[in-house]
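Reading through the structure tokens given below for one structure.
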Amino acid sequence: MSRRVVVVGAGPAGLCAAAGALRAGAEVTLLDAAEDPGGQIRAWPGFERLRDHVLGHPRCGWWPETSVWSIERAGAGAPRVHVLRGEIDAAGRDRHVLRPDALVLAPGAHDRVLPFPGWELPGVSTGGAAQAFVKGEGLALGDRTLIAGSGPFLLPVAASLLEAGSRVQAVLEANPAATVARGWTRRPWELASQTGKAAELAGYAALLARHRVPYRTGRAVIEARGDGRVEEAVTARLRPDWSVVPGTEQVAAVDALCVTHGFSPRLELPVAAGCRLRAGAFADVDADQRTTAPAVYAAGEITGIAGAPAARTEGLLAGWIAGGGPPDAPEAVAVRRRRDRARAFAARLAAAHPIGAAWPGWLRPGTIVCRCEDTTYGTLRSTAADDSAHAVKLATRAGLGPCQARICGPAVAELLPAGNPHHRPVAQPIRLGELAKPPVENPGRKESAR
Amino acid sequence: MSPVRITLDGEPFTGRDGQTIAGVLLASGRRSWRESPSGAPRGVFCGIGVCFDCLVTVNGVRDVRACRRRARDGDAVTTQSRAGEEAR
Amino acid sequence: MRVVVLGAGIIGAACARELALAGCAVTVVDRGRPAAGTTAHGEGNVLVSDKGPGPELELAKLSRELWPAVLDGDPDAAGVEWDAKGGIVVATTAAGARALTEFAGGQRKAGVAAEDLDAAALAAAEPHLTRDFTKAVHYPEDAQVQPAGAATALLAAAVRAGAVVRTGCEVLGAVRRGGRVTGVRTSGGTIGGDAFVNAAGPWSGRVAMRLGARLGVRPRRGEVLVSAPMPPTVFHKVYDADYVGAVGSGAGELQASAVVESTRAGTILLGSSRRRAGFDDRIRPEVLSVIAAKALRLFPSLAGVPVMRAYGGFRPFVADHLPVIGADPHLDGLWHATGHEGAGIGLSTGTAAVLRDLMLGRAPAIDATPFRADRPAAQSEGEAP
């Protein structure tokens, strides 16, 4: 009997993992919370061909609208995967338990946004939100938008908004030109091997130029203002450590503000599976994408923010190995080499767009840090500084709201170190009625909703 | 594409088939529909189901992420907050 | 007297506070952060309703009496979230009704306020509760605190009275002189003292062993579900009558009974399970499922409420279900304040007062002999640490 491989996430990494496992002869169940595969950005080269190959494969079961709510470690084998099938956040979805021989986790990442005064105002969103609404619904989140933060991702966000007819006022990269240029031009041979990605970025740059959208480095949005919605963005020049250069503040009238300072990997599933983290930030994997948890593999952004090209090669390799493919097969060797090149390129981009340590200088005592619970910077500061009992820290509710610290976690962890911010034993909300019902029994054979 | 008619607290909104509830509301110029614990308005932030800022009640079911849920013709959407009818 | 309190959970914090206020030079040692173990993983129960007549109820009554006085004027009282919301115990079967009637009757004789609720009164008190019940009793003295907030407030009060807190110090062994413990070796160095209080909760059996003593305290796993924030829906601490039976049981297999209550943040806590699993901290989905099913029997209308979090912890369990408060029978200088199972938050204030009196040679407010550390249950072999 062939190995049963469950792949969580059908973005670039997950879809490629399914392909890799199928090529190795495994029986695959591919899960995603969305209705369609492809992840957040479906327009990658070869996507449609790969999708049709994987979803149409006789050994692949495709489970759309499937949320993993718990990963249960059980003994020495692969963990059990507890899922809900049905429309997002519906009441009365079916509970299933999958018992694979190997598990590939490819849940991806979401935008990381550092807090700043007014970031909770309606009209302030992540870059990912702006892109999702353009790609998904052809909808621009505003007519007069400003894009700010750090990283190459700001460029496709700008392109999407321009495509949807928004007047993009500027793209602000918080890092100084020197840092960005150093990262982009060092070791040009790596760039040469990633010509597709470089050409894509060059295309965005040309698009901005055509629309006369300025790309300004060393400048950030440090405050959003407005009555019930964003009306103004306060921008300022930053030093390399992201401290504000006094007197450089400018006010821009906007009706939408899209901010992204990088990406946060979605780590609750690897943490639940018992995978060790690397530097507390990413799932630790070996050369074959194997995590430290038995029969659990990881691919894509949870192993390091490296973009879709790296995610695809990681997925292929993870799926191949998880499916029982020999690690020394020629195609595995080739995929490893491609993966390493893609990762090197991503490392360059990361070096070009670091997060400056002085960002908390933007905050004021009343600035909301935890959006769910309205916990302010002042509250966190007084908690962190409370040495009346030495290490005695009064509890705050930061991170305990509905998002379970997915948004504020990294920021709170910098301000108030405590615990593992990725520990979420309930990985997605499950309604009491759904939880109370016993799971639907699965034979573990091919099952498809198509 | 056929139009999708939904209501938000009784007020009608019309969108296109395939749009999310958040998309229908945003396309109509509505920016916020939830109250934070301190009573401040909130709308879409992450757009991909991570931040839970856009929660609405759909046909009586609380805590539905408006940015992820497809709008269906006739959906009765209501805004929600943590405050009750009267504080206890 | 120099006292070293081992454990900065709710019990250690309460003991440190009482001893420091009584003039002792107190050092509190914890291998991690304060209130990060069992204290952080409970519901914050301050209950008299779940205890039948006997020594534990006397300790509960004393504790309930002390809580308001302890919090009175405390600068951190707001974080304690003291809420004298009252408890309601509900039976849903004929047998359950008979057992609850008898149980409540015994409690009334012991001085506990226990009021029968008819259907109309119950519906008024808890509008979302099932109408399909056979008996309901209201306990107005039951209260709730935010447990980590309560422990940190007690610890801060101890510090104001001169106590010193040392975190990140794991107890490794004892320094003995002539059959007496005169110091503890910790990962952060040796700490000397005249007396040592083992307040390490479920780990107190292990701590006792490392000090060369023996204590029959074992971990008993429990899990709680946390709902998304809601408008006020549950107004008391509501639990089904099975809870009393589960607390009193020593069976190792999974037991669950419904315990449902709201918090100030708007979340609903749904408990609780009891099982022996050593220190295995994995969350078991089937245990969460059983908790949900039991809770929905009491509150069917909560079926659509999303669970956003679950947490689990270890209760310090003693075979006879009584805490251990008193001197170690074999090792001079060692004292125990532990073994409160799931009731340590509520019982902390009374425990601290009793321990202080015992250590200072005063007569405690209640008879402390049932809690002695030399009783067979407290000296039985624990699970291998």
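Note that the chains take the letters A, B and C in the order they are written out, and that residue 1 is the start of every chain.
Operating definition for what follows: a residue touches a chain if its C-beta (ideal position, glycine included) is under 8 Å from a C-beta of that chain, and two chains touch if they have at least 3 such contacts.
Going by UniProt, the chains are A = FAD-binding protein; B = (2Fe-2S)-binding protein; C = FAD-binding oxidoreductase.
Small disclaimer: the values here were computed from a predicted structure and weren't measured.
In terms of C-beta pairs in contact, A-C outnumbers the other of B-C and A-C.
Taking the mean of all protein C-alpha atoms as the reference point, the chain centroid lying nearest to it belongs to A.
Chain A (FAD-binding protein) and chain B ((2Fe-2S)-binding protein), compared by their mean Cα positions, are separated by 24 Å. Centroids of chain A (FAD-binding protein) and chain C (FAD-binding oxidoreductase) (each the mean of its C-alpha atoms) stand 40 Å apart. Among the residues of chain C (FAD-binding oxidoreductase), those in touch with two or more other chains are 228-229, 304-306. Within chain A (FAD-binding protein), residues 89, 91, 373, 401-402, 429 each touch two or more of the remaining chains. Under the contact definition stated at the top, the residues of chain B ((2Fe-2S)-binding protein) that touch 2 or more other chains are 37, 61, 63.
Chain A (FAD-binding protein) makes touch with chain C (FAD-binding oxidoreductase) in their complex at residues 70, 72-73, 80, 82, 89, 91, 97, 373, 388-395, 397, 400-402, 404, 418, 424-426, 429-433, 435-438. Of all residues in chain C (FAD-binding oxidoreductase), only 33-34, 76, 79, 146, 148-149, 152-153, 155-156, 158-160, 164-168, 225, 227-229, 265, 270, 282-285, 288-289, 292-293, 295-296, 302-312 touch chain A (FAD-binding protein) in the complex they form.
By the touch criterion stated above, chain C (FAD-binding oxidoreductase) contacts chain B ((2Fe-2S)-binding protein) in their complex at residues 228-232, 235, 266, 304-306.
Against chain B ((2Fe-2S)-binding protein), the residues of chain A (FAD-binding protein) that register as touching in their complex are 33, 35, 40, 87-91, 110-111, 120, 122-126, 128-133, 136-137, 139, 141, 228-229, 371-374, 401-403, 406-407, 429.
Remark: chain B ((2Fe-2S)-binding protein) residues 37, 60-63, 81-85, 87-88 touch chain C (FAD-binding oxidoreductase) in the complex.
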